[in-house]
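Okay, so chain A shows up in both of these, paired with chain B first and chain C after.
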Partner chain A sequence: MAFDIKNPGLATTVQDQGRTGHYNVGIPQSGSMDQYAAELGNALVGNTAKEAVLECTYMGPVLTTDQDAVIAVTGAPVELNVNGKPVPEWTRLQLKAGDELSFGVIRAGTRYYIAVQGGIDVPEVLGSRSTYSLGAIGGFNGRKLQAGDLVPVASPLYDGALPDADTVPEEFRPVFAKEQTVRIVLGLYDHRLTDEGLDNLLNSEWKVTPVADRMGLRYSGPGVKWKEREQPFGAGSDPSNIVDAGYAVGSIQIPGGTQPIILHRDAVSGGGYAMVGTVISADMDLLARAAPGTSTRFVAVSMDEALVARKELAELKRNARAALGASH
Partner chain B sequence: MSSPEPAVSEARYTWGGDEFLFVEVSESMSLAANFRVMSIAEKLSAMELPGIVDICPANASLLVRFDPDGLPPSTLEDAVRTIEGDLAHHQQQALETRIIEVPVWYEDPFTAEVAERFREGFHQEPGGTDIDYAAKVNNLKDASEFIKRHHEQPWLVSMVGFVAGLPFLFQLVEREKQLEVPKYLSPRTDTPKLTVGHGGCFGCIYSVRGAGGYQMFGVAAAPIFDPAQFLADFKEFMVFFRPGDIVKFKPVTEAEYNAIQAEIAAGTFRYRQAPVTFDLSKALADPEGYNQELMEALNGI
Partner chain C sequence: MADIVSPLPGVFYRKPGPGKPPFANEGDSIEIGQTVGIIEIMKQFTEIQSDVAGTLESFKVNEGDMVNPGDTIIVIREG
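Showing the complex of A and B:
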């Protein structure tokens, strides 16, 4: 079975949990930016967390299905329609062969996910179905969807067994707020910031600029200051430059000291800009929910606090799945 | 085998959130620092610690991604510190690697066309070419002398990354002879695929088309990233370069470049390459003499 893409939307790609193990040659993790939303979509339609979904950015696709299909849309709040009639988000939907799914205007956030029973069935590349557009690998022919694409869907898993509940309870749906607090672990090259620079980073409001995509998000704010120094050999002339090094996913770099950039799942794997801290793993999904114009405060936490937050997020996911009665 | 210890001081350990350990072997770039990074990466990889996700050696630092649910951060740090301590007392000197000849069309029309679109506000000398500027800032007579310096001595792949399969290259010459060129004042939004570039002390080959800030000198004639794995050199993996590879650039004419394109289209192109043992102490003691020895491995291939 397949989805027939009538209109691809702005940037619709196949994503899953991502590929690891090849960052050492510059192949990024990729995968759904909001893993939590994608995972609960998969749970609603009886998939495991591993199945591939369609990630929609701001404007979703118009698609039809050539066979009956069980789907769910999760993530950023958006109006969605089946054959032009509004249907709910975060809820399992039964499509009949020939039905058309379409979307209205996104109300907050940036991305939402279409999960389908069985999962999107593109070939795995290096262990993942996720699209890495710059390298043209994974996903549907290594690129975002285009009109006319026939996107294959796999057969249902577990004989089509579905969880008891058909909607994610309100308490397990994430908030898409205009203001975010993002927890970071300071480190990497934070010692190269002046005290004033560090103070600006942690005690200012930063706004997400329109320069935000799967590679990273750029923020505007008061800027920071770097300590002057004689630059080491090979590092480049600006005080924000270092000898090109590996970039942690979620790390914050501030080229020239002006606009912080947080790297996300399709990030470049390395480069010559000093990083001053890294968003904790539990808050990476939050970044995917921050629309341009929303504001962010960065709060420094310890490694131990980051590990506690990581456990709490895992627990939240377990509880959400349990509330659905999802068994896989 | 015993030889003088390379001048590498103690590394700096720091965390990239709860999933990344960053080990800065040196703030500045040197062959000895890169060799230390590669040695740590190799030994850490051989340990096969459960919970390690990615081991990414870079020019003078190492990034390790781990799963803290299976591998506590302190356990990982202890393991890397132990490896580093062992290497400080007994740095391994030899690296089993390969030397590869990479044909380059210097001063090609593709990079020239893109360079023309990014002059005013992007380049230090908008009225001239990237390669003339590079020659000037290195106090060389002209572009042809710069090209000669660029391809006469081989380069070490000191890091692979930025984008899929892009090699960072460090020329195997004394520091005084390193070619140093500032990056563009502001990054371009476009760079032709396979551009041979240079920023700071590093050369590179852009594996895919896209943004870039390095000066552009030419294009490599053959692919270095082949997701379709069409050519024989990519049969095992879609990325050609590995850290530790040694690259010898070979200038080619337009006619030779076109002949290589025909071989690529026919699927018959192979890189000229030969296995070599790279010895750090020899490379540090007499770079150019040792380079001659390394390059001889390509004779008759």
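Showing the complex of A and C:
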């Protein structure tokens, strides 16, 4: 079976848990920006966490299905319609052959996910079905969807078994707020900031600018000051420059000391900007929900605290799946 | 009066490019489906079209300002 894309929306791509293990040779991990929402969508339709979904950005697609299909839409709050009639989000839906799925105006956040029983059936590239648009690999022909695309859907897993519950309980649905507190681990180059610069980073309000996509998010705010130094051979002339080094997903650069950039799942793997800190893995989904204008505070945590947060997120996912009665 | 709202966040522009004339001005007669502005987000430009016919009454957003989904950009006097 397949989804027939009538209107692709702004940037609809096939994503899964990501293409990890190749960042050292410049291939970013990609994958659903909001892994939590994508995973619960998959759980609702009887998939494992590994199946590929459609990631919709701000404006979703209009699509029809050529066969009966079991789907769920999770993530940012948006009105969704089947044949023009409103249907609920975070809930399993039964589509009949020929039914049309469409979306209204997004109310908060940035991205929502269409999970379908069986998963989106595009070939794996380097072990993942995720689209990396810049590199033109993975997903549907290495690109975002276009009108007229027929997006293949795989057969149901586990003989079509579905979890007992058909909706994600309220307490397991993320909040899509206009204010965020994002936890970071400082380093490797926070020592290059002046005291005032570090104070600005950790104790000021920063706002997500419209320059935010799968590669990273740019923030506006008071800026920071870098310590003056004689730049080492091979580094650029600005004090925010270093000799080229590998970047971590979630790492924060502040080119010129003005607007921090946080790298996300499609980011380049290295370059010549000093990284003052790295967003903890448990908060990467939170960043993925940050719409332009979101007011953000960065709080420094220790590596131990970051590991506890990672454990807590895994437990939250386990509990959410248990609440659904999802067994896979 | 009919509001034209932005379906997405981004930066609003009244012109198709620097130095070019605006898509529409106050007092202009507007047709259904006519492009009245563009929104830039993620290096993509999305045309904003009127879903009603009438006269362009006013702009609620200035050139280069940020808009959020659901914000009114333009008011059209129908008819």
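We take it that the second predicted complex is superposed on the first by the 328 of 328 C-alpha atoms of A that agree within 3 Å, B and C clash if a C-alpha of one lies under 4 Å from a C-alpha of the other, contacts with A are read in each partner's own complex, and residues count from 1 in each chain.
The working rule: contacts are C-beta pairs under 8 Å (C-beta built on N, C-alpha and C of every residue); 3 or more make two chains touch, one makes a residue touch a chain.
Everything numeric in this text was worked out from a predicted model, so none of it was measured.
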item	value
Per-residue touch tally on chain A - higher for chain B or for chain C	B
Touched partner set for A:M275, first chain B, second chain C, both or neither	first
Touching partner for A:I137 - first (chain B), second (chain C), both, neither	first
Touched partner set for A:V62, first chain B, second chain C, both or neither	neither
Touched partner set for A:T20, first chain B, second chain C, both or neither	first
Chain B versus chain C as contact partner of A:V87, first or second or both or neither	neither
Which of chain B and chain C A:V243 touches, first, second, both or neither	first
First (chain B), second (chain C), both or neither touched by A:A177	neither
In the complex, chain A residues that touch chain C	10-11, 57-59, 105-107, 210, 212-213, 291-293
Residue ranges of chain A touching chain B (in the complex, touch as defined)	20-27, 125, 132, 134-137, 142, 184-185, 187-188, 232-237, 241-251, 268-272, 275, 278-281, 303, 306-307, 310, 314
Partner chain A, residues of chain C touching it in the complex	5, 7-11, 40-44, 46, 66, 68-70
Chain A-touching residues of chain B, taken from the complex the two chains share	14-20, 22, 24, 26-30, 53-63, 65, 68-69, 73, 159-166, 168, 175, 182-183, 199-202, 207-208, 210, 225, 227, 238-239, 241-243
